[in-house]
Every structure is written in structure tokens, then in C-alpha cells.
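So that you can tell them apart, the chains are marked A, B and C in the order they are listed, and the count of residues begins at 1 in each.
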Amino acid sequence: MKEGLFSRAMLWLVFLFLLGPFVIVFLAGFSAGETLVFPPSSYSVRWIIEVLGSEEFQRAFRTSLEIGLLATVIALLLGVPVAYAMSRMPPPGMGAIKQILTSPLIIPAMLVGLGLLRHVVLLVDAPVFLGLLVGHIGLLTPYAVRVVYASLINLRVDIEEAAITLGASRAQTFFLIVLPNIRSAVIAAFFLAFVTSFNQVPVSLFLTGPGISTLPIEMLGHMENSFDPSIAALSTLLVLFTMAFVLATEKLLGISKYM
Amino acid sequence: MVAHDKKRLGILLVTPALIFTVVCFLLPVLALLVDAFRVGGPDSVDGAALHWGVDRFIAFFAEPLHRQVFLRTLRIAALVTLVSALLSYPAAQAIVRVSPRYRGMVLGMMILPLMVSPIARTYAWIVLFGRNGAINSVLLHLGLADEPQRLLFSEMAVFVGLLQLLLPLMLMSLVSSMENLSRDITLAASTLGANAWQVFTRVTLPLTQEGLIVGGTLVFTGCVTAYVTPALLGGPKVLMLETLLYQKVSVESDFGTANVIAVILVLMTLAVNAGLKRISSSRSSA
Amino acid sequence: MSYLELRQLALGYGKSNAAVEKLDLSVEQGELISLLGPSGCGKTTTMRAIAGLIDLRAGSITLDGRDIGRLPPNKRNIGMVFQSYALFPHLNVFDNVAFGLRLRKVDDKTLRAKVEKVIAAVGLSGFESRLPAQMSGGQQQRVALARAIVIEPKLLLLDEPLSNLDAKLRVQMRAELRRIQRELGITMLYVTHDQEEALALSDRIVVMNAGKIEQLDVPENLFNQPRTRFVANFMGFENIFDYRDGALQGRGDKLTFDAAVPAGTACMGWRPERVTVGIGVHSGTVLSRGFLGDAVEYLLQTPIGEVKGFADAKFASWREGDNVSFDLPAESALFLPA
């Protein structure tokens, strides 16, 4: 029993440590002062309003949204076939292929951004947006593969064989039989990838430029210049945004079993 | 016919992702890494012909600042990994004992921080450690200090920030490893006379080794490759490898050194990952 | 040429593994033929090859005059019922059954009529909107059957379809299957490892062992006159011994067998039910005894090995370790050439 108490206490401590900061940021975002003081002497929503109205943040938000959605969709288009092949018809050299496809998870993301900048964007003078998009897609694809693969290996193969004997082609079998049964995994992959892209910093660091900036990068830039509570307000908004996203999907689909 | 078709289809399905990853991911990074080994050439100081060598690396480590940054990165990473393990073990045990009804909620709360932007998560420490932040307010209020202490932009701040950022990874890893550890085993050990500490060291620890190793790898790698947290909490005074890299590129335009740092980063992450594979495969064959 | 013709079929997994070698088989239209044998004998492999799910290494498959060996599985017009039913979990009964017809672009009215007719034929009218997860094993089985039948295939393959059902249901479904097969006149190829099932269902049975056909015959012949040692054993002749020079041989010893024996007999076998324990010219020691109600089953240690026989429960007082006499009657002996 004593041991149980100690563990419990540690759990609460850890919780406090992990989640306490969110409360702090939350409170700081509502402070009324010009500079960041904690605890705030008075509260107001002025910073929240200011942040919502800021043009730069709005533009950055839009960019993050566009990149996020585009990159996620393309990552799924690239990744779902891979997951399917891996689980049903592994091509020769599958081991090596798996290594290559999961390498984005191991390679420090900042290097990718730098590499893409120097050897692709500058070389072929590609638009920055494209470089950013490409970087994000590469990062998200392994997530798509992993989540969908976990679902596919639990789906029995014999229903596909049954469809084939009934006259369906491979493509028909995939769209009519496989896809409907991995739907929740695909959706979970979508949310996971989108959130990862939205919060992404290292890849985007080098791949942003005049006019093109993702929200996190914009926030960082702002923090270098001013020490006002606007970032706290923005962080709070972001946290609420993410929380709503994640809780909704966890409720509907139970993401945690795919992690 | 069927088997042949299947193989061909399999190849077809993985090709787009494969090409994309190789062309847009691996090749650019590879180009960076290769560049670090190129020495000399027309713009070099001593006018030597272009050749392969590790001269740049020697030059990099020759500078005391760089050595300091390198060692600091290793030091902080090791410390964060150790402390996260120490904190996570008891917490994970408590989680595993939670009734199934609340388990999902508790796990969700553990995962939630991971989904939030690292900027938001790090920001709280700025709020706490800043000159006008909470801790200083308390210190001044209680009369423990005469003026606001400099807490930000220190190794301790980076340490705390990274710990908070990466703890969930270790925690999740240990929880999943402990879930497979039946309660009966630890009970059996105590009926055989072991006290709590002995049960932990002789039973729990060895059996959850896998989770510890996986979690440790994730945390260590996360520390080495972290940018946001060291940037915000360490600033230009307390540099880690990635913030040093950024500085070299955007402030000094010193791509040569940047490439060297890139190689070091890649080698470190590969080494940790390879080490993990070696340990876990030797354990499974044991 | 018969309806389904397998010629010199060779099948295998991987580089060297040969699961089936030089298999020849002819099946007539409207027949229900069983592939019977132990695990690994090649029966399921053969069936999957006919369906097109496995490549042919050599040989040909002809169905209704057409060489289908090179056709992909979705073009062979062969229906298949899987051991695990393989119902589409996201579709209800109606949509599961209608799947094949929809692929063939059958018009709505005809489709509805056909689907409902076949659902009624398997006794599941009223279940159309149920999902597979909401049905019992037996019901799922019938949906799987309906789904395969409704496309009016030239051949219906059934891969141990009843093995996941409990004993009572299995017997029931067996009769159903037979009835439907007779009614619709479908040619069926049935894979099973259960000899009782094969005997009850089939017009003819193919007993397979290690990729080859041991015996192809009607049930009665297979039961009474198995032609090889393997088939005899499989069909329940548990007491099989070598025969040489007027005696049964085994374990370095022999038991004299006086009665006349056909020329060329090299081994003989008896069903346990025909081996009388308690009276006879031979004797052995009781190893174990099992009460079966009307009779008691005895396992005896004899000079030539173990012998299993029955005794009437009324007289079966012998216990483990006792000496008891037994008989291997000539009239119920099976004579095998090898």
C-alpha cells in the first residue's frame, strides 16, 4: 500500500508538471498588461482580440492550414498504397524499403529543411511554398503508413479473396471492401498528420521566406522582437484548437490505440 | 500468374512514396552530409585542390565554443533521459493500476501534450522563469531575493523545458511495457520475501527493459534534435547543436560548419537507434 | 471430357516446396465430390488453385470445356465458400449476397428478385438488414453460401465450411447443403478432414495424402474396401498389421492366421468394432479400458503390437493388467496388397 501511495503521488506530480504549464499559459494570455508579468495584475481579453485581428498571424494561419491540408492529403495518397502493399504483397527488399520510408522519423527535421533549401529550392529556383510543402509531405508520410498499416494487419485477408472470387478486380476490391473497413484508421492518420504538420517547426525554419510563413514560425519571430502577452494568447488559442481536435477524434475513433 | 502479379503490384504501390522520399528527403540531406567531407577547392584559404577529408571536423572541434556546445548537448540529453526515467517509472506503475474505466482518459491526458505545439508548451517556462515571471515574483515577495534572478537562458531552464517536452514519450513507452507485466509476477516475488525495492530492481526493471530502452532512445534523440525549446529557453548564450546550426546558417551564413554539425547530428541519431536495435535484438534472442 | 478436369497438376509454395504433384481428377457436372485428407495433404492447396488464388506450376485445369488455368480468379466464374465465411463486415446480409451480382451490373429488379430468392433458399428471409457481427456462426455460414450461389457459378468450392460450427449444427447444416446442392444441381468441390462428413455428403470422395491421390471412389467402397494402408487407417481400420507366411507380423513376433487369404496380400486390417474381446484364439494384456455405454473399448498389448477391440458391456469385467483373449475374425478382415 505504501508503494502504491508513492506511485500515485508521483503520477500527480508528473501530471502537474506536464499539464500545469498549459494553465499558466492560459492565465498569461488573459493578462491586461503591456508586458509579460506573472501572475498578471489584471485580466482582459485585449490580447486575444489583438491576436485574432493581426494580419500577419491570420496570413500565417492560413498558410499553415493550406500546407497542413495539402501535405496531409498527399501524404495519405502516397502512404496508404504503401501500407496496403506492406501488409498484403510485400515487394522484394521490403526490409530496406521500410528503412528508407521511415527515415524521415530518424533524420533530424532541421536538416531536411536545410537540405531542401540549398539543393532544391535554390538550385531550381522553386517557389518557397513548394519547398515547404515537399518538406512536410516527406515528414507526414511515415505517420500515414504506420497508422494505416496497424489497421490493415488486423483486417482479414479472406474477405478480399471472397470479393475476388465473386468477380471483383483488385482495384474494386480495394475501394469497395478494404477502404470502408480501414476508414477510421485513415481518418486517425489524417488528424495525426495534420496536427504534426501544423505544429511543425524545424522543417519550416529554413523554408519560409518573405510572405510565406507558417504560424509557429511567425510566432517565433514575434517572440524575438517583443515580450508581450500576445504569444501567450495565441498559444492558448492554439492549445484549445488542438485540444478540441484531439478530444473529438479520441472520442469518435480512439486514436491512442494507433500510436 | 497470381503470385507474379502480386509482386508487380506490390512494387508499383510503393514506388511513388519511395521515389518521393529518396528524391525529396534523402538526397538533399545526403548532399549536405557529403558536403561536410569536401575540403579545399578554389575558395579555400590555403588554395588546396578539392579533396575528401575530415579537416572540417577537426576544425570544428578545435574551437572551444563548439566543443562546449557538443558536450552540453550530450550532457543535457543524458540528464533529461535519466530524470524522465526516474519520474516515469512510479508514474507508469500508477497508471497501469488505474481502473480500465479511467485508463483511456489518463492516457489521453498523457498524449495531449504531444499534440500541442512545442512553442506553446515551452512558453509557459518563459512565463515562469522570466524576469517578471512567477518564480521571480514569489522570490521577491518572500524576500528571498533582492532583485529578479536570471533564470531564463540557462542550462537549467533548457533542462526543465526539454524534460517537460519529452517526458510523455518515456511515460507512454513504459506504460505499454508495464501493461504486459502481470501483477501476479510482482506479487509472487513479494511472497518469496522480496521488499519493494528488491521487487523493483530484480523483477520490474529487467522485465520492462525494452520499454526503458525505447523510451530512452526517443527522449535522447528528441533532446539532441530539439530546436524550439533550446532556442526559447537557452537563447544565444546557451546553445545546443541545433540552435548552433541555425545560427551558423541564418546569422553567419557559414554553410560549411552547418554541414559538419549536420553530420554530427545524423551520426548521433543513427548511433542511438542502432544501439537500440542491437540491444533489443540481442535480448530477444537471449 | 468431364465437366471439371484437372490434368497433371503441380502446385507448390516457395522455391522448392511441392504441395501437389501430378494430380489428375475428373468431376462430372452436378456431382458433389469431397477432397478428404489430413492437414497438409494438399486438398486446400488444390482447391485454391482451382479458384485461381494460387499459381499452377504445371498442368491444366479445364472447366466446361474452357481452359481456366491462366485466368485470374475474378474471371473464372467459380464460387467459393470460406472456412471463416469471409462476410464483408461493413455490409448487411442483402448487400453481401448482392455483391457479385452488382459487379456484373445486373439490373435492380432482377437483382432484388434473385437475392431474395436465394436468401429464402437458405432460410434467412427477414435477415436482410442484419450485419454479420449480429449473426451466429450458422447464420453467417448460410449467408456465405447464398452469396456464392446467387452468381450461378459453374463450380462451387467449399473449404471446410462447417468446421467452425458445433457438432449438432454441423450435422444440420450438412443436410441443408446436400439438399440445396441437389435442388440446384450445382457441381460442388468440398474440402474436409472429417471422414464422417465426407461419407455423408459426397457422390464420390478423393482421399489425398502428401500431395497425391490415394483413392478415388464412392463412399461405400471407400468405407468397406479401402485400397491402401493409409486410406484404411483414415477410414477407421485401426488394427493394421503386416502379413507373411500365414501369420500376422509385428514387433519381432507373430500371430498365426489360419484362414484363407487372397494371393498377394501383404497386410491386413480390422475395425475395432469387429475385434471381439473376451473370446478368441489370441490373448493379450489390457492396457486401458474405456466405457462407451453399450460396449467397452479395450486397448490390448499383444505380441505383435497394440490391438483395439470392443467387448459387450455386460461381460466386460477385465481391468488394466488383466490377461484376456481376443479374436481377429477372418470374415471382417481387410486384405491389402501393400
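One rule holds in what follows: a residue touches a chain if its C-beta (ideal position, glycine included) is under 8 Å from a C-beta of that chain, and two chains touch if they have at least 3 such contacts.
Please read all numbers here as calculations on a predicted model, not as lab measurements.
The interface carrying the most C-beta pairs in contact is the one between chains A-B.
Centrality by Cα centroid goes to chain A. Measuring from the averaged C-alpha position of chain A to that of chain C gives a distance of 55 Å.
Averaging Cα coordinates per chain places chain A and chain B 18 Å apart.
Each chain gets a centre from the mean of its Cα atoms; for chain B and chain C, those two points are 60 Å apart.
The set of chain C residues touching two or more other chains comprises 52-53, 72-73. Across the complex, chain A meets chain C through its residues 156, 158-159, 161-169, 172, 176-177, 180-181. Chain A makes touch with chain B in their complex at residues 2-4, 6-11, 13-15, 17-22, 24-25, 28, 35-39, 78-79, 81-82, 84-86, 88-92, 97, 100-101, 103-104, 106-112, 114-116, 118-120, 134-135, 137-138, 141, 145, 170, 195, 198-199, 201-202, 205-206, 216, 219-220, 223, 227, 231-232, 235-236, 238-239, 242-243, 245-247, 250, 254-256, 259. The touching residues of chain B, counted against chain A in their complex, run 6-7, 9-11, 13-14, 16-18, 20-22, 24-32, 87-88, 90-91, 93-95, 97, 104, 107-113, 115-121, 123-128, 130, 132-134, 137, 163-164, 167-168, 171-172, 196, 221, 224-225, 227-228, 231-232, 242, 245-246, 249-250, 255, 258, 262, 265-266, 269-270, 273. Interface residues of chain C facing chain A in the complex, by the touch rule stated above, are 51-53, 72-80, 82, 84, 86-90, 99-100, 103-104, 144, 147-148, 151.
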